[in-house]
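In the two assemblies presented below, chain A is common to both, partnered first by chain B and then by chain C.
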Partner chain A sequence: MSAFYGHLLRHASGRIGIVLLGGIILLISCPSLVGAYSPDQIDLLALLQPPSWTHPLGTDLFGRDLLSRILYGGRHTLFIGASVVSLAFIFGVVIGSVSGFKGGWIDSIAMRVIDAILSFPALVLAIALSAAMGAGLTSATLAISVTLTPQFARLSRNQARRLSDMLYVDAARALGVPDHTIMLRHILRNGLVPLLTLAPLSVGTAILQVASLGFLGLGAQPPTAEWGADIAMNLDYVRVAPWTVFSTGIAIVLTVLAFNLLADATGAYFSPSQRITSEANRA
Partner chain B sequence: MIYFFLRRVMEAIPVLALVLLAVFSLTHLIPGDPAVMLLGPDATNLQIMTLRHDLHLDTPLYLQFSTYMLQLLHGDLGTSLRTGRPVADSLRLYLPATAELAVVALLFSLLIGLPLGILSARKPGGIIDRILQLYTLCGVSVPAFLLAFGLQIVFCSWLDWLPVAGRSSAFAPQALTSGFALSGALFHGNVSMLADLGSHIVLPALVLGTFIAATLARFLRNTMLEALSADYILTARAKGLRQTQILLSQAFPNAVGPAIMVLGVQFGDMLGGAILTETVFSWPGVGRYMFEAIRTRDYSAIQSTTLVFAIIFMIVSFGTDVITALIDPRLRNGRSS
Partner chain C sequence: MLTTRRRSVILSGLSSGFAALLPTEATAKQIDRSRTLVIAIGSDPIGIDPAMNRAEPVGSEIIINIFDTLVVSVADNTPNVEGRLAQKWNVSPDGLHYRFTLVEGVLFHDGTPVDAQAVQFSIERTRRLNPFAQASFAKVLRIEVVDPITVDFHLSSPVPFFLSLLGQPQAAIVSPKAVLSHGEDFSQSPVGSGAFRFVQYTPEVGLILSCNTDYFRGRSALDTLVYRIITDASTRHMELERGEIDICQQNAQLSALSMSDIQSFSHNPDIKIVEKTSQILRQLEFNNMRSEGPISDIRVRRAITHAIDYNGLANHILAGTVERAYGPLPTVNWAFSPTVQALSPNYDPAYARILLNEAQWAAHKRTLSLITFEGSFWAAVATFIQANLAVIGIDVTIEQMEFPSLRARHVAGQFDLALDGREPWYNDPDAHITIGYLSTLANTAMTFRMPPNNRLDALIRNAQSEPREDVRKSLYAAIQDLILQQAPAAYLFTSKIIIFQRKEVEGLAVRSTPPLNEYWGVSKREPLR
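And then the complex of A and B:
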């Protein structure tokens, strides 16, 4: 594991990614460091102000400080991104390891379900699910995690299939160890490490989807500060006050970029000959 | 080949059934009583009972599903709560615009992706390869709607070269702007119409195309490099073939199959991106229709658009699988997932 971190630090994009992500996390955890204050404070005398000393990134259509909106919104966005991936990870690993270990009809059904999820364009499925469950952060989180489940399910299924051929699993079976114990003790514990390293890398994809849903009016509802929703809110003023949309947009790009840079470095660690970006992540 | 085709069809059937089941259950995800949710808080008991009856909510689930399937088979996608018109009619009206957008976007992605992929494989680590690396990174990090705004501001507000939104200028006759307008203009050789429609389609198609091009180029580069390390390339070099010939006539045909497969997978992302892009550019397509449906909580329209998108995506994946199998005989016998 420490070899992995060492590699991340040596790899150029890994280094940039770590610094970028570290900076973002530091800023959103202590917004007052850069003079950000309440994201909900309305100043009707300063609507859509361009960047200035009092408002380093300008103000939005309600006169709220954009820097504060972005930093507090970042908490929501990052938190949702992380929750989406954790949920998708849990769904995926449970489905994948059960179907990989049990095989047979359970495996066939589970894999057809995964195929069905993949038959929908990811964003379309996320939209449909979260619209049906009612707009809000919880339903958006659930909906996006469903679209990210297949990649974890397929990976952990492959792991489970590989590991259930191992001699020590045969030995455990011969000793009469019940199936669920074998799965927890042997399959899951041994198959989890590569999955765990890959999980954080999907956060970038998740954040993009969260922002897209917010942009479409699903996800976070006003006045909650969230990046996609904030962009949608300032949309009508994009031509008179482009900084409102672009400062928030740049925050999204930088955050997703940080995760994708780390994904790049991790990809290089696992297959040094072919430096794949986050294709696996998106596909 | 026939065997491959049939097996692929057999694989698709259970998945299609599950997709239909999933789309059907969307209405049942609506918290509480869908009829109450749809009618809002001011509905009378009679209205609620009537809608429950109209939506067949008062029958058992399996009957509801079979009714839904029967309706689908008759091309009935339900009635939009927003417009009061059959959803199928609206989709028929908007699909051509989305189809033309998708085709032009695919052309753009091929025009950008193929040369970039080949050139960066020619010299891995070189300047073009570096540019590609940066481009791919941006491609997976920039939200589609942000790129759309950026292009709008640069090309429409600052430079004033291209129209901001819509599918054609307001003065164009309505008959020419609906349906397959662009292909119609192309077919009839109507130059002024073509220029007008073309100037409208460039930006949205570019937004959709650049994202796919990034992944396509990246993937093609990797498969090209793999192909270039094969023995037959060494033979070709020993025979004295030029580098360009080796790249284009030896490595490329062997590398392009998997890249096309990726294009099929990316098509799904493009459909999702179409919702965002069409919204920004007021493109009168299915994506924008879906956006309007989301905004007004028009559930039957959301449900049907989802189904249409899924079916289009399934057809495209099916098509790419068949095409790659035609190109590469090795894939016919066992596909790796």
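And then the complex of A and C:
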């Protein structure tokens, strides 16, 4: 695993991604480092103020400090992004491994369901699901994880199918090892690597979808600071107070960029051709 | 005259904007921009027919420009009306009999006369077909044609605001001949006697009206009215700045915030901002039918009314686009009682905390639900109230929902607080009080869900049928006091009607309740170049 971290640090996008994400996580976990206020503090005497020393990114319609809202909103956004991917990862890997290993009718049914989910545009499906479950962060989290599950399910199914033909799996079967042990010990463990590449890339997608649902009013409800909902709230003022929208937009771009750069570097590590090249270079 | 260059620029803008609207024979060359008024509207009109009108602003405005009513409300602070198709009228002393004398020689756009028979036909048709007008005309026993210019209305019991009801768009007079020949399609080709004739309607694109050159009050200075449907607020804003539209309907302000537009237009010398007070009332309602839980405790309700920073909301958050309201009637209503202003709760969070302590809020503290409509306007007001209540220790969850869902939740009583509003369609305190506070109507839409209260109910019924104006006024003063004592709501503000127009547009008349634009007197000054 240390070889992996070494690769990330050597890989240019990996380095930038780590620094960026590290910085973001540091800021949102300790907002006091940059002197943030309470994100819900209304100040009627400082409505829609442009950036200044007291409010580095300006204030919104309610005179709330935008930097504080972005930092506290980032906690929600990142937490939901991570929860969404964890949920999708767990659902997807369980469904994919079982159907790939068992095959037969279980496989057919599971994969048709997955195909059905894939046939919808992800965002449209997420909107429909969270609208049906009622607006809120929990339903938004569940809805987006449903739309991300198929990727993980398909990938882990292919891994499970490939690995279940391996000689050591046959040997384990011949020794009478129970199915669930084979799945955990031999199939999951050996098939995990490509799934781990997919995970950070999905966090980026998940964050964008959380923000989109929030923008449409289906995610966080006021006064919760959340990036998408805050952009929607401030959009009416884009002409007179453009900083309200742009600073939050830039926060989304930087965070998604950090995850995509990391995904890029991770992908490079696991991709055979890249690996051969980089090893050849080192030699 | 316009320079050729400017004209060609305008025409190219025009043709891109409403080419789809124009009849094939009317090419862009024939449009004289100085005699054409282009109006941006946010949505399609619903039913350009008095019998189909659902008190919806866009369709209603088009109706009052194509049709005439017998009378028109003159101002919010007086019950008086002025005549339109009726040149004079008499009311019998018992208030049961109204006789109208029509202006002679008025013709509908199809050439048929506007006579007593047309009045009878129109009001009976609206009463039969329009569920929104049924309550208005429920007490009309019969309408009698005396002679071609005289028509009698016989009522079953006195309706002191009957004239005001006849000024509603639903009570506009239609051409019987056109209705009989078009039948169901009348709303697709409406025929009235108003200042403008209907030419064409293309759904999702817009409408064209042309000047009625034979209008009985004199022809309009405009040749054409073009309504363009532009759903996006920033597109409307940009087109107004570029001069491709002349007037921006701000009906959209009822769901979106208009301060941003006001701020940027106030620096633009080409744009005039027209503001008018209105009777559009916005309030935070309590679920008054609850017999248990915190909202049933009047101390909690009163604490909430003292926790809201009314002036901060009106002057800062909504930047003066609204005016503070003090009670169940808007300040401009003629029956508004000045004593209410003194009784009305002021912003006093310390006192609110005392009231909450008395109610032992801390012991059975719970999160209250607040329901409201979709849109940034409602979100801003709800968020501000949520923050105000958080200060005194009341947590609120906000749920924004579409109009039908909100009405369903409201009627079913599934809420603690509702951020809601009312926009009266006729100019009378009755429009606010009866529907809102009569306890027998508690489980219908648009009410404050008042629990049974014989005294209040009796007062409301008396005020509804009392013919003497001064007695009515004192009855409504008593009603306002009684309502405020029960704290059924925190009365927040009345929204101003805000209209953005190009500076060359002159003579726009904004009618009193319902606040709709009348374009008959509008003309366009030649821009100085």
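Here is the rule we go by: the second predicted complex is superposed on the first by the 269 of 283 C-alpha atoms of A that agree within 3 Å, B and C clash if a C-alpha of one lies under 4 Å from a C-alpha of the other, contacts with A are read in each partner's own complex, and residues count from 1 in each chain.
In this text, a residue touches a chain if its C-beta (ideal position, glycine included) is under 8 Å from a C-beta of that chain, and two chains touch if they have at least 3 such contacts.
Everything quoted here is computed from the prediction, not taken from an experiment.
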item: Superposed partners chain B and chain C on chain A - clash or fit; value: clash
item: Broader residue contact with chain A after superposition on the shared chain, chain B or chain C; value: B
item: Partner chain(s) touched by A:249 [first = chain B, second = chain C, both, neither]; value: first
item: Touching partner for A:113 - first (chain B), second (chain C), both, neither; value: first
item: First (chain B), second (chain C), both or neither touched by A:32; value: neither
item: First, second, both or neither for A:122, with chain B first and chain C second; value: first
item: Which of chain B and chain C A:239 touches, first, second, both or neither; value: both
item: Partner chain(s) touched by A:217 [first = chain B, second = chain C, both, neither]; value: both
item: Overlap of the chain B and chain C footprints on chain A, listed as residue numbers; value: 217, 238-239
item: For the chain A and chain C complex, residues of the former touching the latter; value: 40, 42, 44-45, 47, 61-62, 135, 217, 221-223, 232-233, 235-241
item: Partner chain B, residues of chain A touching it in the complex; value: 13, 112-113, 115-116, 119-125, 127-129, 131-134, 154, 204-205, 208, 211-212, 215-218, 228, 231, 238-239, 242, 245-246, 249, 252-253, 256-257, 260-261, 264, 274, 276-279, 281-283
item: Contact footprint of chain A on chain B as seen in their complex; value: 14-16, 18-19, 22-23, 26-27, 29-31, 133, 136-138, 140-146, 149-150, 152-153, 157, 215, 218-219, 222, 225-226, 262, 265, 267-273, 275-276, 279, 290-291, 294-295, 297, 299, 302-303, 305-306, 309-310, 313-314, 317, 337
item: Complex contacts: residues of chain C adjacent to chain A; value: 233-234, 237, 256-257, 260, 263-264, 309, 312, 316-317, 374, 376, 379-380, 382-384, 386-387, 390, 397-400
